[in-house]
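By written order: A, B, C and D. Residues from 1 in each chain.
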Amino acid sequence: MILHTVNKSPYADQTLLSCLRAASEKDTLLLIEDGVYGALKGGEYSALVESAAPRILVLAPDLEARGLLDKLSTTIATVDYAGFVELTVTHDKVVSWF
Amino acid sequence: MKSFLIITRRSPYGTSYGKEALDAVLMASAFVPVSLLFLDDGVFQIKQHQDADCIEIKDYSPTFAVLEQYDVKNIYVSASSLQHRGLTEKDLVLDVEVISDARIANLLDTNAVVLSF
Amino acid sequence: MIFSLAVYGSPYTYQSSDSAYQFARELLNQGHEIYRIFFYHDGVYNANRLTIPPQDEINISSRWSSFAGENNIELVVCVASALRRGVLDDSESRRYEKDTHNIEQNFTLSGLGQLIDAGIVSDRLVTFGS
Amino acid sequence: MHCIDTDREGYLKDLSDWSADVAVQLAESESLTLTDNHWEVIHLIRDFYMKYKISPTMRVLVRQVRDKLGVEKGRSFHLLTLFPDNPLKRLSKIAGLPKPPNCD
């Protein structure tokens, strides 16, 4: 079980797509920094992210910082830094995509 | 002993990530079993016929040939990364194993530590 | 659990060192141990004590330094990456005949082997890339 | 004998200044007299550097010496005898390779 982090916007580069290609169903993917743009509703990548096999979460402070709390896709849950730390504990390792 | 997987995802020269990933591989090889995976634009690092001297950057592509001396024998390249970029194994300077996305997922699972660059 | 962090982003250009700091602080809140924070690639600039942000912005290198001092955490800067980018301590400065040095307190220059060691010793190694 | 430009630790400032004569002078400043045994290792490490564009680690150097010059010489002890204290640093200096970073 792997926790993947992605910190790049899918609108800017392929990092999120690469991560999804390598991630397994049992993994979790946490969108941080500019990665949070991948979690918006009604965007070009929304359908892809909403239907992705691994569970997808978003780091709330990065979302809030960017003024996007009202644009978050309804199917995606958020965590704060406490939740981020807990995820690193409950998964076997962390793989960072940047 | 923990095994390490080092993933190199950036093209050469555009950033120094590729060179610094290779440094990390060589260093890791002294301590732990290490595998190296070329993924995404990382595959361009081992494209044949590089000549970075002409842009006055040190050409580090010859260094890949030293990996064997450093006991780095598990060297993988993503098949889909090659294919998306119109490259084949024949374009590469290194003898590598071309692997599927499923094998990549398996590598991520089976190595204790994954470092990406 | 024992954690180590790797930071690759230059401060003020990338968010990665801010994220790493927030994460590190939360690790301690939850009672985890931080074995080492390793700065590699442009992350070595986090150790430059000569940075001068405007007064209404965070001073990133001194924030790391006090965090490390207060919590007894090792901040290690890859020496090869640092030399290339002009982050020097007193001894490297003398070794390369430079007229000054600029490493922030509580950071130390050491080899890339320290990153590998952090991966071996820690239960989790978390990378903050740029 | 002409003057060679070195830094305070005795490394060549410009690696392209290196020649066999320069190597002899660099060795003298380390109080070493180069013998055939030294030279074969100097050539070996230079060949390695030219081919791979990096300096080997001690472990890899020992193995190279063993493979190319035989088991008897392929031991750290042999290299330590030829280039005392820190063979890799001394060899880099005398063979005109880049100054290694201090990371031990």
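Quick note on the criterion: contacts are C-beta pairs under 8 Å (C-beta built on N, C-alpha and C of every residue); 3 or more make two chains touch, one makes a residue touch a chain.
These numbers were taken from a predicted model, which means no experiment stands behind them.
Contacts with subunit B and subunit C are shared by A, D. Comparing the chain pairs C-D and B-D, the larger number of C-beta pairs in contact belongs to B-D. Farthest chain from subunit C, judged by C-alpha centroids: D.
Once the centre of each chain is set as its mean CA position, subunit A and subunit D turn out to be 50 Å apart. For the pair subunit C and subunit D, the distance between C-alpha centroids works out to 33 Å.
In terms of their C-alpha centroids, the spacing between subunit B and subunit D amounts to 29 Å.
In this assembly, the C-alpha centroid of subunit A lies 26 Å from the C-alpha centroid of subunit B. Each of residues 30, 113, 116 in subunit B touches at least two other chains. Within subunit A, contacts with two or more other chains are made by residues 93, 96-98.
By the document's touch criterion, interfaces exist between A-B, A-C, B-C, B-D, C-D.
Touching subunit B in their complex are the following residues of subunit D: 51-54, 56-57, 59-60, 63-64. Those residues of subunit C that touch subunit A in the shared complex are 1, 3, 8, 15-16, 19, 22-23, 25-27, 29-30, 32, 124-130. Residues of subunit A touching subunit B in their complex: 2, 14, 18, 21-24, 93, 95-98.
In the complex of the two chains, the subunit A residues touching subunit C come out as 7, 32-34, 61-62, 81-82, 84-86, 88-89, 93-94, 96-98.
Residues 26, 30, 58-60, 62-63, 65-66, 69-70 of subunit B are the ones that touch subunit D when the two sit in their complex.
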